[in-house]
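Each of the next two complexes has chain A plus one other chain: chain B in the first, chain C in the second.
After this line comes the complex of A and B, so read on.
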């Protein structure tokens, strides 16, 4: 059974796999960065008391969270051109991943902020700290510690979700596997290799998150 | 802890390998014993095989395989796959017959056994009405993008005859390529003319223009396929086609599905 496994094909396709890996890595890195910004802004609007900011943010978060990512990608790729907006594949993918993850990140950050005990805020008020000082010295250091694990989870979900971009002809890891399958008809070899590369990205991300949690968050909080 | 993780990983990988290597030869005896003829199709391809407005599989190839199942005295089971998943479906033993509008190429025949071709179609280039492409050379230029179906002969032909153009491959049936063309993501597409013509009614009128220029020799045979091991099934299918060509069933099928559009009323 194992003898049927064709290692030679994997080596033959290795250059293509590396292109796919680079593409997945690039798309994921840019998307995670933009999603963090997008999510932070959305969260700031969501918890703001200004209705003009709050309600659009709620609408955005709920619309994104209630629809599948694939539908969002198809809407951006095939739907928007009929309205006269045409964005190339990779950019479409990055925008879709950014908007999708942004909504979840907004909720993660909001959960982190609301997890800080009311008593702490009251103590801050009693000590005479203003809103920004309370945010900077009391709420955010604790909230950040609570949000890092779920943010890491969301980043990993984003990396895996980027596989959906293969459906709009982006040459990323999954698409390389599909291409190899369609040319050589060896799905086992193709998708095991793809899975291996995704695992590599996952372990890199995990190491990064562990390091950041040790170095940055704990020092801030304690 | 670390060692445990490693071991479970190795275990999982071995399990995956063993499962994927287990192929079931879809021989005639197996099929009759099972009472099911499992057919892999790509159902985004009217009039070959598609899902009709009643939500049921219909099309020329569905009728043919239905006839086969009836002749065998078994039930027909239609399985849907994406274009690039069809051959793996056959190889992994999920299906007995691959009934897609597939061209027998030498490369594909390394993996699966094709029956005698049952029809010939013509690959064509299509574009939007607002472009001024007339010949093959107009499309074969730098900066022009051509949409194809991943793993299709259209993809091979586009790479062969349009080497200067940028090729983008899509999954999910010929409809996707037309969709991408109309959305402006590609300037032209390559596919079988019948496959293009039959999806056009789903789109706004006059949104696609077929170029007169054919690709290659202009002939693209289509055939069914079985596993290498299923020699008796392969011979049986060839015999089936000989039989239905003789008794007129074949001509009726082609006349209904390929030559007219009457089937659109029923399906």
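After this line comes the complex of A and C, so read on.
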């Protein structure tokens, strides 16, 4: 029971937990950055009128959204070597997270852009603004405002999803818990500590997401 | 070479169908229990009892704040420490129920809170009991708000069943994992696994999109 919760072992493993935490931070930060680029490109293709760009983008987004991330990770992890491509686990994981999150981000950005009212764009045309001016002064400020809170939400999802990389033996937070369990068989201490660290990250990111949401509502109201 | 692996793959295809059957079972039972639990918790969360609201809030935060793999490990490894021995299959169902009901609880509570206070008051004024108010006035209206994200959540739950492979449940992903050890054709094996998930999830995604468009009007 919790009565014999062993704090000493947690302190003993603390350096390893910190390594895991750093790895989770690193993987998440790199993946979300790459996913933003990937998502922006996918969204640009998705809303373009060129069929050769549009349909592959739709296929990419729909396939990613209807298959589990774990299957995508395994697809790359077991699939790349059969193509003769040898990539370390951590890179494989980051590519998987990038491709997965990219599809969701593409949809978030698309929703942001389509949320800008047509009348706004027409007003821009009527005021004699050219395409780039309309983008810069009318569409993007509003679209970006609408995408920031869901993008932060997607970042929370990505941090949690990075836990799946433990299954292809990337030494991140969850993997530290697994390691500690197999070495000392103290699963309660191991996984409650892991959960605690994830909760800390979650509450920080959630506070940021809520704050950005409030800011946005404020901006819209005035 | 390719043809050889392909014929092996056809050979073990029944094995994949077994995995698909297991995935469907887990998904079906989980969707059912999660919906049931989620609605009960969601209604309580939108209610007036502060202590209950707080407890459900802590539970929801825990589930939303931690990865599902960690939750599965907690259920599978920690419960035995407390004297509750569970086999992999029931442990997987329990973890799914704990995770899914928290997300559905949030959707339901959000839907109910979106209904204006006047509707409750009108219900009270008409002499309806609390249960009648919920059943006849609030829930039918809230369903419009709840349904599209609920179907979206079903897709997520079906995909999350892949994670229960970590505790050795022989579902679709686990079958792929076991196969790939014997037939080193990762691309083919996991394309097949992915395609089978696609067959289940994609219709639900289309349904969710359709509901979203319809309810918006």
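Things to note:
One rule holds in what follows: the second predicted complex is superposed on the first by the 201 of 222 C-alpha atoms of A that agree within 3 Å, B and C clash if a C-alpha of one lies under 4 Å from a C-alpha of the other, contacts with A are read in each partner's own complex, and residues count from 1 in each chain.
We take it that a contact is a pair of C-beta atoms (placed from the backbone, for glycine too) under 8 Å apart; a residue touches a chain by one contact, two chains touch by 3 or more.
These numbers come from a predicted model, not from an experiment.
Look at chain A after the overlay: chain B and chain C clash there. Judged by the touch definition given at the top, the superposed model places A:82 against both chain B and chain C. Of the two partner chains placed by the overlay, neither chain B nor chain C lies in contact with A:18. Within the superposed three-chain arrangement, the count of touched residues of chain A is higher for C, of the candidates chain B and chain C.
By the touch criterion defined above, A:187 reaches both chain B and chain C. Once the two complexes are overlaid on the shared chain, A:59 sits clear of chain B and of chain C alike. By the touch criterion stated above, A:178 is placed in contact with chain B and with chain C alike. In the superposed model, A:161 makes contact with chain C only, not with chain B. In the superposition on chain A, A:68 contacts chain C only, with no contact to chain B. Of the two partner chains, chain B is the only one touched by A:169; chain C is not.
Of the two partner chains, chain B is the only one touched by A:5; chain C is not.
With chain A used to align the two structures, chain C clashes with chain B at 22-30, while the other stretches in 22-30, 148-156 or 238-246 stay clear. Shared contact residues of chain A with chain B and chain C: 1, 77-78, 81-82, 166-167, 178, 181, 187-188, 192. Residues 1-2, 4-5, 77-78, 81-82, 86, 88-89, 166-169, 178-179, 181-183, 185, 187-188, 192 of chain A are the ones touching chain B in the complex.
Residues of chain B that touch chain A in their complex: 13-14, 16-18, 20-22, 83-85, 87-88, 91-92, 107-108, 111-112, 150-151, 155, 168-172, 179-180, 182-185. On the chain C side of its complex with chain A, the touching residues are 61-62, 64-70, 73-74, 77-78, 81-82, 155, 159-163, 165-166, 173, 176-177, 180, 184-187, 189-191, 193-194, 197-198, 201-202, 205. If you check the complex, the residues on chain A that touch chain C are 1, 62-63, 65-72, 74-75, 77-83, 160-164, 166-167, 174, 177-178, 181, 187-188, 191-192, 194-195, 198-199, 202-203, 206.
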